[in-house]
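Below are two complexes that have subunit A in common, paired first with subunit B and then with subunit C.
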Partner chain A sequence: MAHDRPRGLTRRDLLRSAGAVGAAAAVGATELTGASVVSPVAGAIAQQTAPDAAAGAPLPEPLEHLTASEAELLEAIADHLIPADEDGPGAVEARAVHYIDRALGGALSESHDAYRSGLAAFDRYCRSSRGGAFVDLSATDRLSALIDIETGAATGAGAGFVGSSAAFFGMVRSHVIQGTFGDPYYGGNANFVGWDLIRYPGVRTAVTPQDQTRLESGDLPPYRRSAYDWGTFNKASARRSRPRVGTGTGGDHAD
Partner chain B sequence: MPTNLPPTDVVIVGLGAAGGVAALPLASAGLKVVGLEAGSRLTKRDFAPDEIRNNVRAWPFSVQKAQREIPTQRPNRSTPTTRASTHPMMNGVGGTTLHYWAQSWRLNPWDFKVVTETTRRYGASRIPEGSTVEDWPFGYEELEPYYDRIEHEIGISGQAGNIAGVIDRRGNPFEGSRRRAYPMPPLRWTGFLDRMADSARSLEWTPFPGPAAVNSQPYQERSGCMYHGFCNRGGCHVDAKNSTAVTTIPRAESTGNLDVVTQAHVRRVESDRNGRVTGVTYVQAGEEFFQPASLVLLASYTYENVRLLLLSLSPAFPIGLSNNHAQVGRHYLSHHQGAPVTALFPFDLRAWYGLPAQGVAVDEWADDNFDHTGLDFIGGGNLWVYSDRRPISAASMSTFGRAPSWGSAWKRFIRENADRTNTAYIQKTTLPYESNYLDLDPSVRDHHGDPVVRITAEYKQNELAIAEFLQDKMEAWYRDAGAIDIIRGGLGRTMGVTTHAYGGTRMGDNPETNVVDRYGLSHEVPNLGVLGASVMGTSGARNPTLSAQALAWRTAEHIVGNWSSIAD
Partner chain C sequence: MNMTTDRLMVVRVGLTVGMAVTAVFLARAQVSPDYIDPAAPIVVESPALTAGGTMPRDYTPDGHNLSPPLTWSDPPAGTRELAVMCVDFGAGNPPPWVHWIIYGIPPTATGLPEGLPIVAERAMPRELEGAVQGLNGWRRPYYRGPAPPSGTPHLYHFVVYALDEALGLGPGLTRADLLEAMDGHIIGRGELVPVYERFAG
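Moving on, here comes the complex of A and B:
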């Protein structure tokens, strides 16, 4: 299958070449489904960031807000949350970290500090409890470290999580899901791998009774378009970041 | 000093579901109307089918006045308040009708006479202790012509169940008698909705399609629904959702008598020593204006209607406008929207498209449609199974304890099950209670320095008992239709910020217990009216918007018919 991992590469090599793997998966997926609809938005994103593997070593992924080491760790976490496996490509191929990196400059800007401190704490926790960086740990240690962080067991272990490590895990998980299953306009769900994974037949502007009938009989071909491939929609508000609202808590008064 | 603007006949504060409706009969009658709207105008080009923007990032609520005045909340007086991160309502011409689910129900006749009917059938002791519920000042029959008017003015699709007393079991056999059918047939169903309807029939219930302010076919030269699946928190890209922004507001503007002012943030309603209102003060782009008017209609959402009254102090109204009987903020209630039931099916539901207003309803367990003898509550809930699925929310589904929450096993689970769940939230009767109320928060303020609303409200035993009873019914329905697993949501306690907030300016004949009279005009201020669900004293078991709109039209019609006595 097109999304099978190349053999003989270390995990780190794999993560570093994620863009190229994604591009290869894209070609395969398109051929497999014979999808005739071309998505200009998704295509432009793929061209801009996924270099032609045949041209040689892939160019480093341009990061906007995460540092290279933060991105490497986040990519490895994402790869564990939604791995590529026999059920198809995962979060790395969807470029979920690219989605997060971009959003940290906009709608998720309030989470930038949480990523900075959380990834640093994650790294410290792996080194202090397992003796190495996450990507260098054995598969077993990587899983057990992630479980500690997911369940909050890594909180208070001296790694310096701000709040519970479970909160950090929950934030990363929800953003990785957004980056894997969201509209490709935002930089993730590359080549629609997320939508294919859950068999979502795609964004449409009209679903006729005939479309619904075909869906229910299992022969509605997936539609591979971003919402913004329809030129009719204004994009301005899609890029607008959310204002800071609410404080999370009110006063502590009671009468 | 604010800039004084030329006087107008009527100023409406808020052009949403209610204000956007009232503007039409007023303007059509020749009254000069200024509509002050805190938001801006949006068009169908702004309504992209974009789950990240609409749902994940809650775009409809971003960059809005309402977000600066999110109420604080607490279950009771002895518990500290918390504050939600978003306000669920939207500013904009058309208000929340721009992106609402558009379920457009009439209340059932029982909802207007809860006290009388409960006392008659079960005895007065069955009214829950501490409840301040009253009968409405009129019955369903009084509002029926206005329901009918709105259904045709804005366009409602649906299946009638009772036309002039003739029961049609394709519709809701429990609905009050209506004079004629809906102007459009109901929205289409999917295979899954057909399955749920078949199952309901096998349980000897009466399934029927719910009413929606969504075109099931072209209506008033606007398109029929495209069923594309982005209706929830999304405006309509083909104007098939009958928001007031595409129905009554443009019609009112075409009379030449409605002047819409956008980005106008009203801070005070001004009143004179004679106890009459003189107009409103608002801020637009940092500049303050005074809009004099012969009549003021408050048509914000429940929280803001109450807040504006409590903020508008004067010698005649020292504790809030129209509040000399200390009733502003009382009799608050909100729908119990917790206690959902989520089902997992062993087959794909093919539910990727459609809209939340497209669904199958069962009313057997709502209101007093069943015998409550031997039960420990009054009222009930409307069961509603609907279409609403998008990829991020589908991938974020519960794993029903059948898989971990990440990794290959999780991935395999969602690959198989992302299209196999359905959730029913079940709208239930909520009653008003003495200890549930709105007031001003003593410390949390908006960016003008004005206090926000504080909600002090919790669900009581009656609401909790309804929730449990209805979850049993919903689970039975899902299981009959083939569900293999069920999750019941918690019953909840605090009545937090919600899209179904009622009361605070309740309507009734008794000025000791109600803020507005049977026509929606203040008992204390002759030239002040209030529109919206804040005037409703009971919630019924169904969405409030159509009732708020019918009441708004009725208030406007009353104003037109009595203009000389009201305005002078």
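Moving on, here comes the complex of A and C:
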């Protein structure tokens, strides 16, 4: 569970660039349309002009509800909850934070305040108890701080968690699991890494006896399709305010 | 005149209740059923903790939450194994709340260094080879320090047991399991009891 991985800096840089892109996109969208909603088109333009784009590096989509620092901390937490290891990729690769960020505008909108105050309290707790931001702590201190938050021991230590720190931890854990193993339609489980991790063969509308036999022997190739790629399923949306129309492809959130 | 009398009555009742609560707290905090048998005394000390002194933050979740260093001397002749617990008799339902259990400590050990592992992948120091951390009150196999409610000082009993037999206990034991396993084998005992209190932040 505890490990230091050199790619951490790269991830942080990516998230920071996502925040910058998000801010740029928001300004662009507001100037062009007067709307406060981040435009995917403006985001794409900003991404095209970002320095990393020239280097050919894939850029993440703009953040919609979390700030860059909130997303950075949340991703570091998610990385500890479901780390990439010898069994495969983890919550970061699944883009669980992307799922949470999108869902805070829809299905998880009632949790937005809890995230805002909880992540701030989390940061205050790490700084007051371990002397630095979570992402800058040693592997042992990061794990130790997480345990204290998980067990509720961080409650009342001046961090200012609303209620028990354990409640905040439980909420984050639940949402990180959703973002890692849920349907990619909702913005997480990118490239189906979560389903591959648990060897979920994918949503199937029909299973033949041969499929069943291959499934039981572990030979059934995964069917990498979102449930929403079938026209027969209703198209719910991660965003409550903007229902999605039409079909999508797994992990590709265009709305 | 009546109001003054009423206020005095309120103050008297308040003081009485306060004294009763304090007495109950002290009784819960200081009486340990483990201390009944007359095992030989062991002197328990620490370069970081003192009896009755406030625990440094680094051994609590308000700091790095490291397990504190402990030393002991004079375990009785015939000691084959040692065990250590940290318990708070002023917490838990029922008390005590268990902060730490470590057993299977070789008889050659003269203490525990600061910051024992909180991950299974990290090995115990060589001088503690064979030692195992049992489950605390959070059902975790490592030390977790004091986290009392603000405004209430708690006492933390670091108890060292000397055993007349190497019990060969496996991982995952609770305090109750360990006490049961040690029953009849405790030939020495000692403790160090520091204090910790949190203040509203």
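FYI, the second predicted complex is superposed on the first by the 174 of 255 C-alpha atoms of A that agree within 3 Å, B and C clash if a C-alpha of one lies under 4 Å from a C-alpha of the other, contacts with A are read in each partner's own complex, and residues count from 1 in each chain.
Just so we're on the same page, contacts are C-beta pairs under 8 Å (C-beta built on N, C-alpha and C of every residue); 3 or more make two chains touch, one makes a residue touch a chain.
Note that the structure is predicted; figures quoted are calculated from it, not measured.
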| item | value |
| --- | --- |
| Which partner reaches more residues of subunit A (counting touched residues only), subunit B or subunit C | B |
| Touched partner set for A:Ala154, first subunit B, second subunit C, both or neither | second |
| Which superposed partner A:Asp141 touches (first subunit B, second subunit C, both, neither) | second |
| Contacts of A:Gly182 with subunit B and subunit C, given as first, second, both or neither | first |
| Partner chain in contact with A:Pro209 - subunit B first, subunit C second, else both or neither | first |
| First, second, both or neither for A:Arg130, with subunit B first and subunit C second | second |
| Touching partner for A:Thr67 - first (subunit B), second (subunit C), both, neither | neither |
| Set intersection of subunit A contacts, subunit C complex versus subunit B complex | 143 |
| Interface residues, subunit C side, partner subunit A - complex | 57, 61-65, 115, 118-119, 121, 138, 140, 144-145, 147, 149-150, 198, 200-201 |
| Residue ranges of subunit B touching subunit A (in the complex, touch as defined) | 45-53, 56-59, 62-63, 67-68, 70, 72-74, 77-87, 188, 190-191, 226-230, 237-238, 348, 350, 352-354, 391-392, 394-396, 405-408, 410-412, 414-415, 418-419, 441-444, 454 |
| Footprint of subunit C on subunit A - complex, ascending | 1-2, 128-130, 140-141, 143-144, 147-148, 151-160 |
| Subunit A residues touching subunit B - in the complex, by the definition given at the top | 80-83, 85, 87-88, 90, 107, 143, 146, 150, 173-174, 177-178, 180-183, 185-186, 194-195, 197-201, 203-207, 209, 211-212, 215-216, 227-228, 230, 232-235, 237-238, 240, 242-243, 245-255 |
